[in-house]
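Inspection log for the structure reproduced underneath, given as structure tokens.
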Amino acid sequence: MAPPRSPSVVVSRVIDGPVTPKVEQDTLLGRGWKPARDASGSPAGVVGAVLRFEGIVRRGERSEAHGGEERDLLALDYQTYDPMAERELHSLAGKIADQHGLSSLVTLHSRGRVAVGEVSFVLIVESPHRAEALAAMSQFIDRLKQDVPIWKKPVWR
Amino acid sequence: MAPPRSPSVVVSRVIDGPVTPKVEQDTLLGRGWKPARDASGSPAGVVGAVLRFEGIVRRGERSEAHGGEERDLLALDYQTYDPMAERELHSLAGKIADQHGLSSLVTLHSRGRVAVGEVSFVLIVESPHRAEALAAMSQFIDRLKQDVPIWKKPVWR
Amino acid sequence: MEVEVLLFGAAATRENSGRVTVVVGAEPTVRDVLAALHEQHPDLRFALPSAETGRLAVNQSFARGEHPIRPGDEVALITLVGGG
Amino acid sequence: MEVEVLLFGAAATRENSGRVTVVVGAEPTVRDVLAALHEQHPDLRFALPSAETGRLAVNQSFARGEHPIRPGDEVALITLVGGG
């Protein structure tokens, strides 16, 4: 008989400004989350695959006002519908973690201005095997782009 | 006209023992590789997606000698056919990076003993958009498991 | 009755405002408000090509079709989002 | 002639050795060596159910079918690998 599955650990948060390594670390420490690689995290040996995605603001963005041509950005301004955005983010995180039997799922998304080259989105997925981790990551990002009320506004150079 | 694409940066290496954060950092620094998030890395604004995969040795492994039942491991011993393993790893990295137009691809794989909970494999993919990064990652891992002469031997508890 | 609808993203930019008002009958539903938005605010049609394609949040939760809108509800038009 | 073939992973464990020797005709090819491995080393059949399913590296590169094996070549049987 398979042992009962531990519930997934889920951390989700909307961050003001870019997701810097320091902000990320402080947030995760604050929520008591540690990477599987640290023996002090989840019981060693359960997690076999850790996937991490970072979304970074690119310099070139298509401008609707310029016939879809790519123009240079300074930054993106992320507008969130609060507190619905954070609640939808958390609810999506829980659903995906549960559905794929993940050990943990961490997601951080920026609100407000994020300059070109800075990180606006982080997703970490930990699971026993690689296939679920990859599937969960793709599905999370697709549904984020459908259901979480966050809009981006280009700040042109 | 699209600007000419910069060639991909590729770093690949076989590491003795587990891929610890320190070993990883030293190796990447030694090869002059920096994450896209650091402005000092690739020109800011080209990379929009960074994906990272870590493979960790799990406690439970199916034992052929016990009818495929899952048994407890102490470690995995990775045997590599040298120097072919490192050459195939590098050649695969170059092919995948090129094929998907990646900005960079980093891959580190262990040789020798890696204990339960330790990292034996790291893959980092940087690309303008998320879709190529995800496709490149899946394809890289599939082909690694076909073509790179590395074998694992369970060390039972 | 009148219903105030919050706008975000490109919809807010186009209307040059974070909210618009629509006039609907008594005891309106989500469907009624979407139809009124489409009818009474042609500038929003780039994001709301038909009433059926629209999506509302009522009191910060997605709500559909026959869901009633009551006085005092917080109503928001959730046009194409763009996180990640 | 005799060809020495390097073994790895479960194949080496099963043979209790990192190499086996096969006897083949003059001017052998990859195909000939795989057939000889299958024929002369039944213990390897768990990983080499038929000669056609086998894969050799010659001088540390994958080589197929009619690729010739010359005296002094380094020949290795690459059974199912398991990195990652």
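First chain written, first letter: the chains are A, B, C and D, and each begins at residue 1.
Definition applied: a residue touches a chain if its C-beta (ideal position, glycine included) is under 8 Å from a C-beta of that chain, and two chains touch if they have at least 3 such contacts.
Just so it is clear, the structure is predicted and the values come from calculations on it, not from any experiment.
Once chain A is ignored, the contact network of the remaining chains breaks into B, D | C. Path length between chain B and chain C in the chain contact graph, taken as the least number of steps between touching chains: 2. Between chain A and chain C, the centres computed from C-alpha atoms are 28 Å apart. Measuring from the averaged C-alpha position of chain A to that of chain D gives a distance of 47 Å. Rounded to whole angstrom, the centroid-to-centroid distance between chain C and chain D, based on C-alpha atoms, equals 69 Å. In chain B, the residues that touch at least two other chains are 55, 130, 141.
Of all residues in chain C, those that touch two or more other chains are 84. All chain pairs in contact, by the document's touch criterion: A-B, A-C, B-D. Against chain B, the residues of chain A that register as touching in their complex are 21, 36-37, 39, 44-60, 73, 116-119, 128, 130, 133-134, 137-138, 141. Across the complex, chain D meets chain B through its residues 6, 8-10, 12-13, 57, 60-62, 76, 78-79, 81-84. In the complex of the two chains, the chain A residues touching chain C come out as 55, 64, 78-79, 81, 83-85, 87, 109, 121, 141, 144-153.
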